[in-house]
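Across the two complexes that follow, chain A remains constant while its partner is chain B and subsequently chain C.
Presenting the complex of A and B:
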């Protein structure tokens, strides 16, 4: 699209110029005169031309869907969280719901468990990272492992929860194994000391396959010449990983961290629902399960909205903080 | 964009054809959204030629088919032009879905409810039915569970109670008289000691949902409280610091410590692992229900003649031996329904004697209809259960609010888990149950 072509086309007869007052359709007009005429008549030039409108029109469905189905419900939810439940349904109650959340021991447990998830996050990222490294280094049988590791991802949390309910039940296989080696059986899901760790462990088992695939894709982009250069410089494995692989995978690691965290915060409902239902004694509540319980079981949708807003803000803050931290941590200075 | 590119900077007027192409996906999307919301159920005008939508968690069961058919036939006789649609929802999410319908002020015309807190928390969405009841008030029993502030919001179709079921074969193995179940708490303690010796569990218990304490409270409560204390509790005068309440909670902890229950109580689901254990002969006793599930009919399939039943044992002097019972499930009419009288007529059909007889016969529910003859069931324990009904009193736990029950569920697990003391638990409950 060069200027000479444009000039030629315009001179050849632009319908726009034809609409200029006093202009003769199809007539060749000296450029200087045309400019003057355009300036004089610019106020009448149609603004809603197809070229201008169509791009907006084409993105309009997407924008409207985002606005109507995402932004509007979010704003409505925020607004709803400042109203009451039950008798005060629809009435403005200010920050009352947030105060109730603050005072609710179950919600506080749910938030503490979020902290536990954040602590477990490096493990949830390290496991697929490590396994992907082994696969990248082509350990014997890596083709088989590659498929096997991905298997749990295709199972629904309900099925995984049901399977582990059996495996981890008090008289189930896991405890039978412990008994064989002389360890007292553990009530994995019924003892509040272990229950949350158990569910987190199952969640990591169930989802690490996806992170593994992302890591594998990341490994495929590692510049082979950098690895060769490191090798010829005499770098050992630790140095290669630390100075070449991790900086090269920095974007991937960031992505896996953020998606794994979001997965933990929003994707554990199914497992919790099936495996513990928030128990024992509310020890395994997460904000998501709390929201569901308040909305459905306790008939307090406004309180549930307030909890949803807290979860939303929490995810924003943690997500951004992670990105900043990881950018610093994974890039070589 | 190709069209725009090929025209370079040429300005063209807005073409309607292109606009239509661009807008089409948007219109389709919005139309799809609209269609989805239109299908949400609800009465269509509600008039004589309309449609009534019923929400429940029962009509999908094969055992409820005869009941639903009989109710439909009865209603069709009265209103031949009105279509009735039953929507069987999953029970786990029933009150979540119903909550959404209530929030939007639209949805089913007739809804099934559990008696007690689940109904009382949602009476704003229901029509008071007292003016419509007529003869049904006499014919049916179990109204208290569906009343709030002296107004009736649903019509009971079943009675729910909690008797103690026992396995006569295990009693025999333990050297106990299978025809003489315990009548006092001391006798029950002896029974549990005897059963422990043959390496079986005295009680099957699943407390994964935290409901164990509810059952404990309502089944041992009559034996602990005097009749006056019992009635005061039901009337709302509840003293959580009384010695009797403390005794009830200490019994719960003690029973666990004494090994009355199976291992892993907090990770065993009451529905249905607890009852499966009892049916499988792993335990001597279980606190079960009389309707819906975990009842005489389902236990009879596995245990046959070995199945026995007894009411809660007397614990204290002045306590009573009775089986707590009240309205189990019942149908209410939503306040947004167009024709309330028409909707009540459907509730009337759903609680008709013919329909409830079918429900009793096929599903094994003890129906709320006192005129149904239960003498020919062929299952001996039914006669006992029915004979205790006139003496029974409502459950102690169903008068508690949903909030307090939720707390009770958690404390029920924490007491087993040793994470809370009885005193602390009672203080929390007293604060919640104001």
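Presenting the complex of A and C:
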């Protein structure tokens, strides 16, 4: 279907592009070019003039890339999620895969953990936002903090996971510190109550530097005289942040929310793999890890496709909802 | 009583050796419209921001009435500021913008609305109260910025080049509106501009600054008639005063062999080389055969009622450019040479070494 349609596009484009060399020399004298063209194409295909074909020709590569590399795989993936695995390979099974997901304890945990991620999202945005505010206000030593905060971003999740495996191990430095202040040691990664929070915490630590940089770029666009105006209007720091800075940064905040959410839903695989492997008892599964396990380990690619579609729809819904909500929340009525 | 007093007020930016504002002594009377004027970088905006509390005062003090506000935060100074780019909060409506300071001060909702309405009526903004700044023209935004200051009913208005973002025509009409409004409200106003025409037309008194140092404070006419030094002489007036270096000889100034009559008392006060200052309108064209400074006409700016003749004087030691105001429609030709002279009372004498005025 696709190929045949592309074929017609090229056919139609060819005569147009063939006409280009003929048109170019006359370009300096438009009237003669126009009459020349009209004479050449008279009767045959009067609608396909150079002016009309060229724009399509120019956007064609971009459209092709998007269609071939994004839309087609997406549609194929969606289609694939309705087929069977194993013996039923390729056969249409309807919503069977989605039913399997629904009944799978591990996938349900993964979805529950997505809920946890969403709850942690405001924290993951507030931390870099607050720190960027301090940097913007030039707290003493802000230059040092600026680079220190960004540092974890350049580390790979594998390295970060390895570091925190050591730091957070049961007899590791974190628990030794707690012991010193008289708190019982915590099994950060081995206890299913804490493990997910621990990994989320490490993920925020590892990635907030990027959000911080985006916030700082946003701050750079804040009109300094607005802050002066707020000062002489008698607003204190809290009021200035609330009434002036947050509305001014509205778009930045929305952007950080969405990118942070996407980062959480799609970028925690490395940490999970290194730190918990989905354990203990499947408590730290996220859709991503689940997809990988089903596809790579359990050899159920169709089921993995279904999980991917769920993740995709989830991100779409959450992303749009966020934008709607945030647009209202960060701008004053 | 809301006079404003700068007392040896100084602002030294960290890392800089010369102060941006150097020991400023300035007294602004109750209800007065004071204009601070000077070229960019002269410290006029910094002086204003020091009064508004947006800029630290390194040393000296600033008083509003009897209160020493030198180290008070802006909100405790009872001033309202109008910014050059208006600094309207983009996400708030006109009404919200105007009410913001009152809201921060804890003024009740009804009174806020009443005061905003009153100011809006005064500024002809009633129809726009629900609009966002984005949906306003430049002139309307400017009025909102004024309104935001007015609703606060402050003791002092601080205005930082509030007209420079308007087009030329609007600037002229708004100029008179602001001056009239200030007169009506009777609120002490400090107004910063780099435009000397604005300064002359709006100010009760004008303070001329240069390099952070106050040069002269006086009424516009006094600045024009008796500039205290060479800088003020050259800065105030458009077109600028002709400044010509000359020698004094027996009560006359001699410029390249041509005699120009000068004030005797001023000549007596001179100790060294001097500069003569002559306003374009103080020159008069003399006929053939009479002694006068020869000026070769390069351009005639015909304004109808009168005309400005721009020319070069062939005399050594004088500025190449001389401006002479002549009656309009006389038709001096480019390339021709005219001779000009003046009256002794119209010649300002300045000491070359100090730049100070020698006339009494």
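We take it that the second predicted complex is superposed on the first by the 287 of 333 C-alpha atoms of A that agree within 3 Å, B and C clash if a C-alpha of one lies under 4 Å from a C-alpha of the other, contacts with A are read in each partner's own complex, and residues count from 1 in each chain.
Here is the rule we use: a residue touches a chain if its C-beta (ideal position, glycine included) is under 8 Å from a C-beta of that chain, and two chains touch if they have at least 3 such contacts.
All values reported here derive from a predicted model rather than from experimental measurement.
Participant: Record, for the superposition on chain A, whether partners chain B and chain C clash or fit.
Facilitator: After superposition on chain A, chain B vs chain C: fit, no clash.
Participant: Under the stated touch criterion, which partner chain does A:231 make contact with: chain B (first), chain C (second), both, or neither?
Facilitator: Second partner only, chain C.
Participant: With the two complexes superposed on chain A, say which partner A:192 touches: chain B (first), chain C (second), both, or neither.
Facilitator: first
Participant: Going by the contact rule set out at the top, does A:248 touch chain B (first), chain C (second), both, or neither?
Facilitator: second
Participant: Which of the two partners, first being chain B and second being chain C, lies in contact with A:140: first, second, both, or neither?
Facilitator: In the superposed model, A:140 contacts neither chain B nor chain C.
Participant: After superposition on the shared chain, which partner residues are touched by A:48: those of chain B (first), chain C (second), both, or neither?
Facilitator: Once the two structures are laid over each other on A, A:48 reaches chain B alone.
Participant: Smallest separation in Å between any Cα of chain B and any Cα of chain C in the superposed model?
Facilitator: Minimum over all C-alpha pairs: 33 Å.
Participant: Write out the stretch or stretches of chain A touching chain C in their complex.
Facilitator: 223, 225-226, 228-236, 239, 243-244, 247-248, 250, 331-332
Participant: Which chain C residues qualify as touching chain A in the complex?
Facilitator: Touching chain A: residues 49, 52-54, 73-75, 79-81, 83-85, 87-92, 96, 100-101, 104-105, 148, 158 of chain C.
Participant: For the complex, give me every residue of chain B touching chain A.
Facilitator: 1, 3-4, 7-15, 18-19, 22-23, 25-26, 29, 93, 95-97, 99, 102-103, 121-122, 124, 207-210, 262-268, 402-403, 406, 409-411, 413-414, 416-417, 419-420
Participant: Could you pull out which chain A residues touch chain B in their complex?
Facilitator: Those residues of chain A that touch chain B are 1, 5-6, 9-10, 14-16, 45-46, 48-51, 53-55, 57-58, 60-61, 64-65, 86, 89, 106, 168-171, 185, 187-192, 276-277, 279-282, 292-293, 295-299, 301.
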